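The next part holds the structures, each set out as structure tokens.
Shared between the two complexes below is chain A, which pairs with chain B and chain C, respectively.
Up next is the complex of A and B:
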């Protein structure tokens, strides 16, 4: 089973590693080294884990606790049993998910701030149990009543159960010398699979039920939706994701200690999701990536970096109350039909333009980018301009208000690029140039399609 | 169809409902009227499972439902609308209907993840069914508009469409024409009659006596949590106790 899965996944991981290499190199030049990128990706997963519960109307802050469970399961399995990353991940997620069931059933009866308090309590309990686990384990082992139950469980964690002192979580010192198995490619592939999962969830019966519960729990119940069931499912899924992030975290940092998974972490996780945006599943991913990257990018400011980070967060809260994703979701994307098609075309265009700008890949030894300087500046300005337009036309119902600027940007982009090539500002015409042109053309086409028929 | 026996609901010391007996026969349109604060909405909440009676029994098709959760009552074939409109505001009209078809669907997350063929068939079927419903209530033009952006009348109509989407045998309408003009009220009346044509039993809470007279087979009058009168609309209109409850006693 493992062998088969391994042989299926390995080529994908290898490919991902290869593709990521140039991107990582480029990110390193702006101060985002590989470990930082890994943390960004882990935090994106954590953002999604809390998003799953928030999306179902539950204000739960238990995710740091589940992350701790995942991290310790992963660390113990790899150090004591020589488990691989895949096994650690599987068991970490399973244990977090299984613990979430008895926690969720009573706690999810609470709402809003009461649920938040209860789940903060859960997080603290987990932290304290881990802190004192070794003493507790001895107590339970030696107790007459719990001994027979505790022994086989402890046997999974430590070789010599009968030793006078047990060393499992090692208290405040934490577990050290954990093998480093987490690679950036693992995280990227995991996040991609997760994105697919979230995308399908949103377009499924279950996803709709969860959204309904968030908007009005009682009405959702009287539409025939089993509120308790779906809330628990969302809670367990969130716990499993947090557990997975914990495993990745433990197997990336060599050392873990309980205080890294306290209340601070719970609040950080909430910030990823809220500042990223709760309207869309991309929000928490974007939030996790950006909020982790900002302090690193500002490292040059040294002692002021914290202040500037705070100011940036404030600006996001004040001017983008819908989170970072509110930049990306124009009104007409929500209006199906022709707008739905226009949306796809525009997205494809933006993605192409974005890819050409971000990924300096090489094909046939020649650079796919036929230009460096001009392309980057213009391409990125186009994307930023688009996003700003979207931001200010968000409230409009009619796609027509948005289609003109889209057409304008697209056509200007195409004309400008052809002109630049003719003048000779672009060094040599490679694949990237044409991809960029096609992308721009698609953006313009998207605008034209969404232009209202009666005004055409 | 629906039977209430000595249903009471107390909020602290206040008896919102006091030993209400009610029978709603299958296939009829029954009205429920009463002055403000008479307990009409509390009664509807108790029937639909959003609230539970302090004492007494409610049975739907001979199954006791007064201790069941709302989603299990819906599964037995009951749907309702709300006096203060409670649509899912972040969803479009179409999505509101799709949510209401929850009980009709069977596909799970696993089906959706694996793109199971049955999942697509079901999605398609659900959408077609939702479109038919929106068509019937004249909402096809606004299917992709967010519920919060719909006009007041459209929101009321969407509530009715959403209730019908659950494919109910019994439908509870809580003041479906509140705030509507005469023409819109007339249309709602037509829709209620159309429901009866299709064999759906209707319990309608309403203040508009003209509408009551137009659609109802019988009317219950509720006052201070008690049934004051029962009869056909003209009978109830003549009833001196009802007149007194609405207009006060002649001195």
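Up next is the complex of A and C:
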């Protein structure tokens, strides 16, 4: 069966590899090397895995735990049994899914914060069990009650079950020398198949049932939807996807250790979904790609990458609750959403300009901007102050009050900066310059969007 | 003695381990109380609480060591050791209020779902931990070893009793020695400060006008508003108290485990604090105290009486998981609605 599947898949993978080659070269020039691209794609899969549960109204943070399970299954299979990527993927997803069933059945009775903290607890338990797996395995093997059950299971993991010490997960050191099987093409094809599946799910009976459960569980139940069943299905699917991402991750990095799959990873996964937006299945994919790429793109901010992740998470949840995809969805433009949208665009611009003015000063003695610093910082502070003032004094829905000054400020800023570059006042065009430009353009855009000319 | 054998405690030094559980428990309770207050008044699970705990320790360290903390180790104290404690308390409180204004106030105003507040608190936690790493590096810091009295109290060799204080110390040391308890002055300080703060807090909440207002807002913010309570002010006070408790727990932890201050010191306590308040009942203040001592007792028990000491964390989380499933309202909490 594997042979047939292989012969079917191989041409597709080859084609994908060929198509990807120029794109990868292109991306490498901006600082996104192939390993980074692989991580972006893996994180997109992880974003989808949490989206599946969130889409069903369940706030589960267990995905890092399932990812760990997938990663360790994949690593053990390839290092001890010489499994291929396909086999590792299959068994990794299967094990994660099977473990998810007994976990999900009781846990999914909880809701909201209770569910969130229970799943945090689950993730920690998984991490700790993996950390101490070798000691525990010996303990179980030698015990009278569990021995007969544990032996055959352990036999699947190591050759010599009766050794004095078992070396399976290797504790905090982690498993090393895992073969590198994951290729970018695999991930791209996996993600494409996943996207098709999600697209179909959205309009299927199951997808609608899940959306109904998210809206109101009781109403959904009263309409004859089997709430428990669908919630568990979503949970298991999410777990399997996380497991798949774990397998890919293990077979791409050579080394895995339990520390990498703790609470921090769970939070990162959540951040992908939140950044991208939960209204649409594209959101988590977009979020996973973007949030992984941002620290790589902003090389000057590499040191600050943790802070940047946090700030992005905070800004998105406070100012753009629908995530990145909400910018693309037309409903945003209805029902006075235009002003809200304009407000957010302006805020984004103000924040960008402000950040560039405050942060780079500490990064590189002001040299990030590539021009004399103090001259412009004062001018910009005045602009930022004006913008903040305009933004916070506007009380009414009607954007007319501030759209003209905003447009003015934004356009002046953009023109000023381009002119400075043309005149040659700027030595080299660093990141800060572009961020500045984009910020100013966003401010102008905000003004333009909210300009109350007729019905737009 | 049968029961001791059954529990695997026949070889354990029970008074000493109990004392261990008590001081560890008072630390846990102190930390968890902050969680519980914010949860009961605002219904927010503030996951940045552990970051405030960590910053509290840094505030304390900076207050008594001066600016030398920024660059390297603290070699000598600039100010007396005790200044660290009020600095941590006040710093933690102010930090918590600032976090509230930045991360929770806009969401509150928009009536955003509770989960958004959970997510924004996670964002704050990430920012705070990374800022600490940037400012102080990931290196573990602490007070100068010689300045922190955290060796166990014991009977001095040379008995020169001149002052009444010496008599008291000697008596105390003798009592400890006879009962087999080994406890350091810092651990006693932890217990005393924790008890003072807990008693003070329960007095404020139960007896004063402010406490009444807080309970009203916790019951229903709109009712509080109608009664003329400035709910925003109450929220601010709740956050200040919560941050102050986290900061005090942070500095006490730093003193007791000296040197122990690094940007990740809050990580292990973050989830343990959650376990404590889940065990005691989310939002229940008395529950947080009881839960803290209970968790400490369980941990100490697993560490001393069983051979699974390395699994103590796993046991705590299993318990946490189990309690959530069987009795989500905790041992002292009210029944809740958040179940299907």
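Rule of thumb we're sticking to: the second predicted complex is superposed on the first by the 313 of 456 C-alpha atoms of A that agree within 3 Å, B and C clash if a C-alpha of one lies under 4 Å from a C-alpha of the other, contacts with A are read in each partner's own complex, and residues count from 1 in each chain.
Criterion: a residue touches a chain if its C-beta (ideal position, glycine included) is under 8 Å from a C-beta of that chain, and two chains touch if they have at least 3 such contacts.
Bear in mind the structure is a predicted one, so any value in this text is a computation, not a measurement.
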Exercise for the section: Mind telling me which of the two, chain B or chain C, contacts the most residues of chain A? Expected result: C
Practice task
Considering only the touch criterion stated at the top, classify A:107 as touching first (chain B), second (chain C), both, or neither.
Solution key: second
Handout entry: chain B versus chain C as contact partner of A:59, first or second or both or neither
Key = second
Practice task
Determine, under the contact definition given at the top, whether A:172 touches first (chain B), second (chain C), both, or neither.
Solution key: neither
Practice task
Could you say whether A:121 touches chain B, chain C, both of them, or neither, answering first, second, both or neither?
Solution key: second
Exercise for the section: Quick one: classify A:351 as touching chain B (first), chain C (second), both or neither. Expected result: neither
Exercise for the section: Kindly classify A:222 by the partners it touches after superposition: chain B alone (first), chain C alone (second), both, or neither? Expected result: first
Exercise for the section: Figure out whether A:203 sits in contact with chain B (first) or chain C (second), or with both, or with neither. Expected result: first
Exercise for the section: Classify the contacts of A:267 with the two partner chains as first (chain B alone), second (chain C alone), both, or neither. Expected result: second
Handout entry: Doubly contacted chain A residues - partners chain C and chain B
Key = 227
Completion exercise
The residues of chain B that touch chain A in their complex are 48-50, 69-71, 73-75, 79-80, 82, 86, 88-92, 94-95, 98-100, 102-103, 105, 107-109, 111-113, 115, 119, 122, 143-146, 149, 162, 166
Exercise for the section: Flag every residue of chain C that touches chain A in the complex, lowest number first. Expected result: 45, 102-103, 106-107, 110, 112, 114-116, 118-120, 122-131, 133-134, 267, 270-271, 274-275, 278, 282, 310-311, 313-314, 317-318, 320-321, 324-325, 328, 336, 338-340
Practice task
Report the residues of chain A in contact with chain B in the complex, numbered from low to high.
Solution key: 196-197, 200-201, 203-209, 211-212, 215-216, 218-227, 334-337, 339, 397
Problem - Touching residues (chain side chain A, partner chain C) in the complex - result: 59, 106-107, 109-114, 116-118, 120-122, 124-125, 128-129, 132, 135-136, 217, 227, 263, 267, 270-271, 274, 303-304, 306-307, 309-314, 317-319, 321
